[in-house]
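What follows is a short report on a single structure.
Just so it is clear, A, B, C, D, E and F label the chains in written order, and each chain counts residues from 1 on its own.
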Amino acid sequence: MMRTKQSPKGLLLAAVALAVMAAVPLHAQDDPFAAPAAVVEETTAVLTDTAGDVAVVATEAVAVVAPEEPAEEPTPVEAFWSGKEAEQAIFTVNNLWICLAAALVFLMHLGFSAVESGLTQSKNTTNVLFKNVFIICMGLLAYAAYGFNAMYPGDNWSIPGWFAMGSPIANGFTESDAIVANLTSEYNAGYTIWGDFIFQAMFAATAATIISGAVAERIKLGSFMLAATIIVAFAYPITGSWEWGGGWLSEDFIDFAGSSLVHAFGGYAALAAVLVLGPRAGKYVDGKIKPILGHSMPLATIGVFLLFLGWFGFNGGSVLSADPVLVSLVFVTTALAGAAGGLAAAFTSWTVLKKPDLSMSLNGMLAGLVGITAGADSIAPWPAVLVGAISGIIVVFSVLMFDRLKIDDPVGAISVHGICGNWGTIAVGIFGAGVLSTQIIGTVAISAFAFIFSLVTFGVIKAIFGLRVSAEEEEQGLDIGEHGQEAYPDFVANK
Amino acid sequence: MKKIEAIIKPFKLEEVKDALADLGIEGMTVSEVKGFGRQKGHTEIYRGSEYTVDFLPKIKIEVVIADELAEKATGAIVKAAKTGKIGDGKVFISPVEEAIRIRTDETGDKAV
Amino acid sequence: MMRTKQSPKGLLLAAVALAVMAAVPLHAQDDPFAAPAAVVEETTAVLTDTAGDVAVVATEAVAVVAPEEPAEEPTPVEAFWSGKEAEQAIFTVNNLWICLAAALVFLMHLGFSAVESGLTQSKNTTNVLFKNVFIICMGLLAYAAYGFNAMYPGDNWSIPGWFAMGSPIANGFTESDAIVANLTSEYNAGYTIWGDFIFQAMFAATAATIISGAVAERIKLGSFMLAATIIVAFAYPITGSWEWGGGWLSEDFIDFAGSSLVHAFGGYAALAAVLVLGPRAGKYVDGKIKPILGHSMPLATIGVFLLFLGWFGFNGGSVLSADPVLVSLVFVTTALAGAAGGLAAAFTSWTVLKKPDLSMSLNGMLAGLVGITAGADSIAPWPAVLVGAISGIIVVFSVLMFDRLKIDDPVGAISVHGICGNWGTIAVGIFGAGVLSTQIIGTVAISAFAFIFSLVTFGVIKAIFGLRVSAEEEEQGLDIGEHGQEAYPDFVANK
Amino acid sequence: MMRTKQSPKGLLLAAVALAVMAAVPLHAQDDPFAAPAAVVEETTAVLTDTAGDVAVVATEAVAVVAPEEPAEEPTPVEAFWSGKEAEQAIFTVNNLWICLAAALVFLMHLGFSAVESGLTQSKNTTNVLFKNVFIICMGLLAYAAYGFNAMYPGDNWSIPGWFAMGSPIANGFTESDAIVANLTSEYNAGYTIWGDFIFQAMFAATAATIISGAVAERIKLGSFMLAATIIVAFAYPITGSWEWGGGWLSEDFIDFAGSSLVHAFGGYAALAAVLVLGPRAGKYVDGKIKPILGHSMPLATIGVFLLFLGWFGFNGGSVLSADPVLVSLVFVTTALAGAAGGLAAAFTSWTVLKKPDLSMSLNGMLAGLVGITAGADSIAPWPAVLVGAISGIIVVFSVLMFDRLKIDDPVGAISVHGICGNWGTIAVGIFGAGVLSTQIIGTVAISAFAFIFSLVTFGVIKAIFGLRVSAEEEEQGLDIGEHGQEAYPDFVANK
Amino acid sequence: MKKIEAIIKPFKLEEVKDALADLGIEGMTVSEVKGFGRQKGHTEIYRGSEYTVDFLPKIKIEVVIADELAEKATGAIVKAAKTGKIGDGKVFISPVEEAIRIRTDETGDKAV
Amino acid sequence: MKKIEAIIKPFKLEEVKDALADLGIEGMTVSEVKGFGRQKGHTEIYRGSEYTVDFLPKIKIEVVIADELAEKATGAIVKAAKTGKIGDGKVFISPVEEAIRIRTDETGDKAV
């Protein structure tokens, strides 16, 4: 999802993709888009398969071949406003796609709501749902008020490459806004600033949602809301700016749609939160793990399918244009990795746990999707299957491991988003266009920042306001304790 | 009067009801219960952790009935509910001192 | 959603938007679209923010500046059929977007089904769902058979500006249909007549759905079906024609996507229905309000998120083209207003009712969305936040008020759609491109018509067929009474 | 969904549609797309209504009028790579739409999951959901590994027109792949091979899903998974190749989006499976039919609405381009037929069964959608209403009939997909562009193949592994038996 | 001590509870049951097949009470639960030998 | 024989069951009930209107047992179920005249 700096040519990626193909760079005059492109590392690995193998061709050569910055080339936005209808049409398609992708990512918040409430107890359902409603509402507003400009600072860094102060998005179209269709002239993605903002804003709230699942069934509502707001508004844009905002990681590190920047970020923030908060009462008794059952498998399944659907927008929209080759390739790698993750987790649980476990298979689908997120545009279809399958295996063992470590994560968020987010980022260094060491540095840096920031945030809030509901409230359920409102008042619950 | 309480397997409810109706018994009250007994529960697994479900679903039928009908009713229940497999359940008989039909204030055997 | 009469230039709106910006109209030769536009009142307010303030610039001036009707300019459809591929591409994008928007609005009907069944008792769930299935099926067919042509009569008014008889949509493409891609040459929106029809048809059924929620748990099925059919088929197109069909309100009144024409219409029709029908048994006992609890908060939450998603189509599609600036702006204002509404209602309920109420927060999201609907294209992002937040506050107090007035609305439809529909329309006169007095006149006229028409319809049906199920049926539930079918036969319900 | 062989002109169909209109073929120079088209049988019937009647104009004449194969005309893909931006824009829109359509079809798998679990008992819910998770994961991978190339063999037939061996999809873009943007030069649909693949892959899993519903609540998990894999991987591509792959049916038979190739295929495979498997215990006792109630009407309703939504992608994407006339027409016929099916089934059940049956109305919506699938692009709107309404009536009687025949289909899949799939295919010979006898031959051939293949598959698996769970497991529920996992552990189930 | 078991119509629970509370009775236990009796069930239809629901939802109230209070309590229940329509339910009275309050180990009349 | 009915807090079920099993008691029947007592319910709020939930979830355990075991069993239940906080519940003991094991037709103490 990184917007290429200064020389943004969203629509040229496909051309380059072609060019790199078979490692036979096309000459500029053969390029169907009539202009060679520079910095396009993320999109090259896909083209590696001349001989039908899963070979990866390094792309630096191409980046060298292509002359940097042909000054006379108009940006997509300039092209749009140039009055040429063909350019306007392409701009319009790109913009429509980014808006639709934003809508699909919005739907992921329903997906999270459903998964999280399905995999927790009915006495906490209202609370889980309320938190999710809060997160998407707060997330959009906080990103508008501060985060967007902190994540995409252009030249306005406070600490160059590391930190930028945020500010509210502009309230209307200034003339220059309209011309560059973006916040600053540093970024230019070929669609309007509004499309850009709404897509990024939908992403932002995701991190908090990931935490929400892991801390469910025992966290004080007010304390959670405070922590979530701080993390979404301030922490997420920081790591975001490192990579997508053009910061210190943006040069070589590859994280296409956020295996690290969104998922590992959320997963490690969740891990810290769980460590500060402790496990649910009754989960670990006398050294034994006692399962606390999710109350509705249909709800969990609805959630995962909606997340899968939303991922087409999450990854597909991260192409940042409607480029036909890249968007459709991303759809394929995303779907195949999710499918492979689901199957792998199903068979892993069947083998290891003796029964095919639905909740694990659902986690596996998500794990596969998280895994492919960093390289959805640069990993070929069959390696994508492999990346997804490995994610699906990892997630089962990771869930078992965290349980053994008495780290209580009701929905498996740390494993799905944290561990598989790491794996997915690293996989780009194996199967995709990335360099392994850089990928490791990047994902560790982002995960560590998220973990520490979250540890401090939850730690301080715990010290000041307390973090856990009382034992009585936990037993009775947070629905009554925090909201005085049951989720299913017509039905008799077992306990 | 006697109260007959029968704990039976859920899928036998229909047959037991019919057997009682055949005896001319016109009223009964049924509830869902969970039984613990010689019939063992089953092990389930959730996200990698095993746990045992000790309590199995059963149906409790309560019939309050005139003393003289008690034996016949008990026999009918036992016959209809029997599968011969473990977990078939129990019948308990206990004394009832008075019964009242709310609608009519009738009492005693007329009330049931 | 009004299609500009005679001089339709969907794609030119953005250009004009730019032009009006900073109140410095561009000259025709600077206009990137190479043609100045006329009647564009709806789209101007957004551009008002040169100095960063939320100033509203009246747009009449511009409408004057722009020469009316440059005769040589081809319509989008003419351009499409002209054989020029660039025009065809733009036409294709516009058309695809209107179709996708129709699909999103279709999904709102699932949203309504879920919200309404979630916020009512489990013993009436089958009935609530059946009504929603009926409404969308009937709505589409009734609009095809009568409503579309009654709402968009072109020159075929029965009472000019006030009423037109409807007729079935054409069964195939006549040549002239194809050329103008529309029903009559009076309207031209830059996409095919089929795209136009299906988008409008999805809107039409919404009014009845709004009523459905308010009268739930006590209305006779047959009587409801009759009333809903009459209102969708005959009443909705009348007020629709006043504004979007080019009638008496279409000159100065601004209701972009239907805060009044759809939502207030539905809300006030619901109010009349509830007055005729009376409250549910047991709701108001000895002067006290006894809550009747909704049976499934997950269902209600699923519904609201799906409605939020659908609203991107509802408002975004009402741009009537894929115009990049307007569509993306509408996505932003819609999302921010919905988020602000949700947060505002959450905190209002927390403050006023002592607990953060999930069902009120969900109502708040919808209230924010209803509120921004009239001005989603003409209110800048931060004022949109304000409009949404005010909606979220209004809706809590409105729900409390109607309950105190013993007007029993199980799902809050009158408050969400009626009251916030009024507010949203008026807000365009404050923050958007409208004139306050005109906005008030318009929303009052539409609400009053809906109220009276509905009062008469339900009144007459009550007199002839009866409107309420028997007390026994109400107690036992309409699922058994009307359908002989329980919604959750496997589960024990509390009552 | 057939890709026209050798002369692919997705975008020209609209032009021809116009041309055929009023049976007055346009001359080539009047054609707005500047090029006459050949093989376009599927798209002509819509234009039949000059006089406002539902007359069907045979289209052979036109096909003759149009000169076959103007050799100099570039394919859409060649046009895309030609560097002309207008062509690139059109290519980009087409490709975006096929990807979005794939995402919508993906959502249908959630729809199926919800319908099937809603209409079965709560003790089998985890099992039903698991099967659906498995099917979509397996389906995507099997289609990638074998099915896609078996269904679209180009010239690589094993038995010409009847059977082709499959092979894995290519792993990357070879140059020639990229240029023709397709698997072989035999097909060319104007979008990338990835878009093509992912759309087709989402279709493939559908057949198994249809079976899944019919055999629910009694089939052994492992045996089902094996059978489903065989059918999706091997059987579905065979009949698919007959028509869409350019095989023996592709000349005259018309099945636009798969009333036969997907739905009747699935329905008849389900019928065979049910015959081999037998009815659920307790369904037919002493010659009497004892209903086994679905456990959640909201879940069933959510499923049907999502399927309806997905159908816009299923049918709309089968246009294989974003052609504005065809896509929007398909949206209209699809929506009206679904609506008519729902209403017709509601009123049929009300009349015949005395009560308006929600589950039948939901089946009716699906029946209407299945019915229009074969002719969504060639049946005019009002005949589409008729086709849908007849489907809605058929489905009620068909469900009753199969019950009387003691063929136990918990969700009505055989009736909805099998019988109405047949009807929809035949309807194209009555109301659409097809020839009745050809339509009958085609649908019978496809249904028979599916039935026999499925009979053998399930028969052999029954002989080797067994097909049915034990009577105890069936009574206790497959959730505990197969998965050791309850779907609603917090709630007391009635039995 | 006596145990009073009352099977009543669900919507009467509130009134019966208030009637008992008015007598100073501070404890009771309530459960959901299904009743079969003279009040007939209803016929439902699912996908074309009819079936009868014989069992109607009822509420069972159990109160254990000192002997001397039993009559008054029974009267209060009957009065509050009566609608006069079929299906109003029954009250059964049976002997209880001992009662213990778990919290305090109190027994007998003090425990209830 | 005696019937021991214990109304306890739901989360104590496991402990009570284990305590009874330790005594060699092999069968019991459990149901979900709602209790009204000194332990007060809570006030909830729905869309602006307050209401009181008077009935709290409890578990009822029923064990039919030979006379001589009754005291021990009662003691075990009371011990296991006690938290010392209000709402711990009650144990009631009443006479049972006969018990029958449906599977085997055994009666009396052998049946339980």
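Criterion: a residue touches a chain if its C-beta (ideal position, glycine included) is under 8 Å from a C-beta of that chain, and two chains touch if they have at least 3 such contacts.
For clarity, every value in this text was computed on a predicted model and none was experimentally measured.
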| item | value |
| --- | --- |
| Co-neighbours of chain F and chain E - touch as defined | B, C |
| Touching both chain A and chain F (chains) | B, C |
| Option reproducing the contacts of A-F, where over half of them reappear, out of D-E, C-F or C-E | C-E |
| Chain pair showing more contacts of the two, C-F and A-D | A-D |
| Distance from the mean Cα position of chain B to that of chain A, given in whole angstrom | 55 |
| Centroid spacing, where centroids are CA-atom means, of chain B and chain D in whole angstrom | 50 |
| Where chain F touches two or more other chains at once, by residue number | 31-32, 45-46, 94-95 |
| For chain C, residues that touch 2 or more chains besides their own | 84-86, 89-90, 93, 96, 100, 293-294, 296, 302, 354-355, 357, 359, 484-486, 488, 491-495 |
| Chains touching one another, given as label pairs in label order | A-B, A-C, A-D, A-F, B-D, B-E, B-F, C-D, C-E, C-F, D-E, E-F |
| Residues of chain C that touch chain F when the two form their complex | 289-291, 293-294, 349, 353-355, 357, 359-360, 396, 399-400, 403, 412 |
| Residue numbers on chain F that touch chain B, as the complex places them | 1, 3, 17, 26-31, 64, 94-103, 105, 111-112 |
| Touching residues on chain E, where the partner in the complex is chain C | 10-11, 32, 42-46, 57 |
| In the complex, chain E residues that touch chain D | 45-51 |
| Touching residues (chain side chain C, partner chain A) in the complex | 11, 17-18, 21-22, 31-34, 46-50, 52-54, 84-87, 89-90, 93, 96-97, 100, 104, 121-123, 293-298, 301-302, 304-306, 308-309, 312, 316, 322-325, 327-329, 331-332, 335-336, 338-340, 342-343, 346, 354-359, 361-362, 365, 380-383, 385, 488, 491-495 |
